[in-house]
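In what comes next, chain A is part of two complexes: it sits with chain B in the first one and with chain C in the second one.
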Partner chain A sequence: MSGAGQALGSLNGLDGLGRADAPALRVDPRAMIVTTFLFIAVVSSFDKYDLLGLLPLVLYPVSLMALGRVSFRRIARRLLVASPFAVMIGIFNPVFDGRIIAELGPLAVSGGWISFASILVKFLLTVSAALLLVEICGFDAVCFGLGKMGVPRVLVSQLLFLKRYIHVAADEAARMVRAHALRSFRRRGMSFRVFGSLCGQLLLRSLDRAQRIYNAMISRGFSGRIHLLRERSVRGGDILFASLWIGFFLLVRLYNIPLWIGTLVLGSLA
Partner chain B sequence: MHMADALISPAVGGTMWAVTAGLTAYSAKKIGADLNERIVPLMGVLGAFVFAAQMINFTIPATGSSGHLGGGMILAMLLGPHAAFLTMASVLAVQALFFADGGLLALGCNIFNLGFFPCFVAYPFLCRRIVGANPSAGRILAGAMLSSIVALQLGAFAVVLETVASGISELPFTTFALLMQPIHLAIGVVEGLVTAAVITFVWSARPEVLHVAPGREAGRLPMKKVLVGLVAIAVLTGGVLSWFASTHPDGLEWSMLRTAGTEELSGHGSAAHAALAGIQEKIALLPDYGFRATPGGSGAGSREGESWPDINAGRSVAGIVGGGLTLLLAGVVGIVLRRAGQAGRSRPTPER
Partner chain C sequence: MSHHIVELKNLEFAYADGTPALRGVSFRIVHGESVGLVGANGAGKSTLLLHLNGCLFPVGGTVQVGDYPLTRKNVDDVRRRVGMVFQDPDDQLFMPRVFDDVAFGPLNLGLPRDEVESRVHGALRQVGADHLAERPPYKISGGEKRAAAIATVLSMSPDILVMDEPSSGLDPLSRRQLIELLRRFRHTKIIATHDLDLVLDVCERTIVLNGGRVAADGPTAEIFRDEALLMANHLEKPLRMQPLAGC
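Right, the complex of A and B next:
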């Protein structure tokens, strides 16, 4: 199987944990959404040279992975795939910023390398936070939370539909690609002309499917709104969860904790 | 190309979020007013189609490399601007949440760069005008090609502006622009060819599904010109302001946004606006710059960012030791939490 098959494989089990009846970490999606957004805002507000001050924030994704029982490998695999843009743009920082701003004995470190490293750390933190939001709450619950927070109903329905049909359409595409590969002998890749009609065919099938879905939904009383089974309300625990984390973010933002620890340790050694 | 959270500042990210939220509320309202619920499953399936189509690669003639579909233009030609914009927004949100493409803070930027330009600029002003009331294969090709190129050029330029305004990448404006625009010219040509190929196929097989099909009244601009102007001004001012006025990040752009926001958001959209406003206020409390002057931490040692330029080897060592210990501590907390969780449960749930 080609890239299509692999892509399909990575689509499977997107949010299995959140859908479980007994999630490892029970947090209301709204509390989780707010915490995630504030986390990302705090991370991106750090100065580009402030690599050190960022580090304590690693605690957030690490604890969520532990509490939510999300395996490290699962997140890391997707982080690796997504990293190119941040790396490609960041790698220019050492080129353009050669000012020496730190010295380690004989080793001089330029500002560009520090800011490049902080871009990488920021990338890891923000993207893993976004992935963990869905891993822990589950996509449906996140959509429900967004709806409760005032996101237009059409967009919430659209998100739920999209997630539901990604697999179906991807399956269809993978079958078509496989059929083409089996009939095209040793010729590698797909010519542009074939691609056009293949994609068009896929589109027509998708449109037919949309029509069937629409008919099926109308016959079941659909009136433009998707109802979700799991209604929930914000509890004290959710507020506590969010406020503890937000307090931690603010603390880290205001004080350079690693520098403080380092000075303390070196001071006691001396 | 997707913007990444790591490359943008909260001011830029928040500005683009507010603009995108306004566009989303506007599009949702238009869909609610213009169309029936028939569009909802259609949007969902077409969003999934874009994902699926992205999995199919084709060889680009004479280069040996391969390309795939981007999707914005095709959605606009099939669904019309408003539904296409929402579909694109949902596609990008799913990419950010599941595939780590871009990020949540950058999502506003990404929806704007990849959704606004094809749906609200290239489609109504170019594609629809060119394809017109009686489409032909040639017109579809010309319309799709030109509008794809324009949409991608504008999107790429927006990426450059957003990145430079954030000030995290060291790439100078001209270098970055010279890097991005030619690459996206090539991508635009490919995207235009793909879009034209697919749309031509659909047009010959089933013309009635196209939004650009004959029979629909042409010339009616789906988007009010006033709104386009307003949003454009908001974006430009937002970008420029956060660039120059970084010492006062919350004042001007914030009020400017509010004016733009209230223009677009009326009625049921106000809750979304309020929620975003809350988040934005939080972001505005923590700008890059605000805390610089604040003496924080231990005694003489203020923040690393400002004191680094005067080189101090001792401080560097303390920084590295402290940084290493912090990471170690975070790791230990993680392991302890995981162990505690596993010990606390008799029936372990399968890990993934």
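Right, the complex of A and C next:
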């Protein structure tokens, strides 16, 4: 495999720890998927000024990282790649929303800054939850889990094949680009015409490959459905995992726990 | 044992763009035979192999595997009996793990779970690849891919093994191991290849294709001695049969 293929492999890092023989955290992908989706829904539903109320939800990604032995750096690296988008979305809030809504001692904080911060926190929470889902269960298991939850088979197969052959396609593309570079000498870059025919070539090759893969599948009795041998069944522990977390999310959503603790502490001081 | 017969009668095939690839191929292979299919690039070897399990259907003539001519109705039956190993193992290993790939065929046959499991391990052991079961196929070496690809059809317990250029892209050691493996199989074998040394080691019979027709069909040793025939078909005497320089 060429450098490009390998770089792509480590870049997308779609193989989570779920592929390992002894994953640190054994949860059925379906339980994780449901929990992750509810987490994302709850996080998104917070008011844009309610920064404080969001904070307890940090517990979810942090404890998953600890339980699943996922290194913080692995997640942080990918968060960093995506973070410019979140910053772009929120960056003008402080400019347009100058209303003072909180005072930290001598510092007056405008609503714009608070909502900017809450966009960032929401982004960090939701994206890290999604990354952890793939990291802990493994990309393939998540796909098969989605399939068992009723996501159309075609879509699931598409995702699986995308992951399996993205390296192969990238490799083919890299070889073609290299062949072009070796013969174009001093001219740098690629003209639009050459680029177009290169893309066309790549498409044709992919179609050929698709046909060959299909041949290999029907040769082994494929008739529209991909079966797996070791299919997990949902166990009590999985249900407990999902319901405890979901209960926690709802609690955090309905009661502003930091505020409540704050008044409790202040009340006892008074 | 007539049920392992492969018989082609006047097989003709043209691709959709009009390229005639096979122009009347006939031969008969009986149980336990090991046959090398050789010929220049574009001679029609791969096209011929695709007819043996109904990936392609002939435009003219018939293909018979076992007791009946191959039709769209009995194609599932034939596919169970004919194990097809394709040229590029990347096409054959499409599942997340090698294990799932080897289990793919048996699961499609609807076999019970323990049976599938034991077949998968049996097939992997036969090709010396037990240790690859949990690996993703794109992270193993070329020789390992080839072994795994062979295991994916062995797990279906085919009677007939069909292989398209099995030694292409292998380093000398992996190639040697492949040859040893093929020699051990008791199956009826049909192997398309440019590797005449492999044919010499594995196949007692050779069929030479040229431009979609059979140019020669006979015992391997005889065919490889006929230098004029080999030349006419873009082939070269196996290294082992060439006189050493200076002797």
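Everything that follows uses one rule, which is that the second predicted complex is superposed on the first by the 232 of 270 C-alpha atoms of A that agree within 3 Å, B and C clash if a C-alpha of one lies under 4 Å from a C-alpha of the other, contacts with A are read in each partner's own complex, and residues count from 1 in each chain.
Basically, a contact is a pair of C-beta atoms (placed from the backbone, for glycine too) under 8 Å apart; a residue touches a chain by one contact, two chains touch by 3 or more.
In this text the structure is predicted, and so the values were computed from the model without any measurement.
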Record, for the superposition on chain A, whether partners chain B and chain C clash or fit.
-> fit
Which of the two partners, first being chain B and second being chain C, lies in contact with A:L52: first, second, both, or neither?
-> first
Anyone got the angle at chain A's C-alpha centre between chain B and chain C, nearest 10 degrees?
-> 90
So, does A:F222 touch the first partner chain B, the second partner chain C, both, or neither?
-> both
Which chain, chain B or chain C, is in touch with more residues of chain A?
-> B
Between chain B (first) and chain C (second), which does A:D140 come into contact with in this model arrangement: first, second, both, or neither?
-> second
After superposition on the shared chain, which partner residues are touched by A:R209: those of chain B (first), chain C (second), both, or neither?
-> both
Does the superposition put A:V81 against chain B (first), chain C (second), both, or neither?
-> first
Check the residue A:L131 against both partner chains and state whether it touches chain B (first), chain C (second), both, or neither.
-> first
Classify the contacts of A:V168 with the two partner chains as first (chain B alone), second (chain C alone), both, or neither.
-> both
So, does A:A117 touch the first partner chain B, the second partner chain C, both, or neither?
-> neither
Considering only the touch criterion stated at the top, classify A:A181 as touching first (chain B), second (chain C), both, or neither.
-> neither
After superposition on chain A, the shortest CA separation from chain B to chain C (Å) | 9
Looking at chain A, which of its residues have contacts with both chain B and chain C?
-> 15, 160-161, 163-165, 168, 209, 213, 217, 222-223
Mind pulling up the chain C residues that touch chain A in the complex?
-> 50, 53, 55, 76, 79-80, 82, 84, 86, 88, 90-92, 94-97, 99-100, 103-105, 107-109, 113, 116-117, 120, 134, 136-138, 152-153, 156
Chain A residues touching chain C in their complex are 1, 9, 15, 19, 21, 140, 160-161, 163-165, 167-168, 209, 212-213, 215-223, 226-229
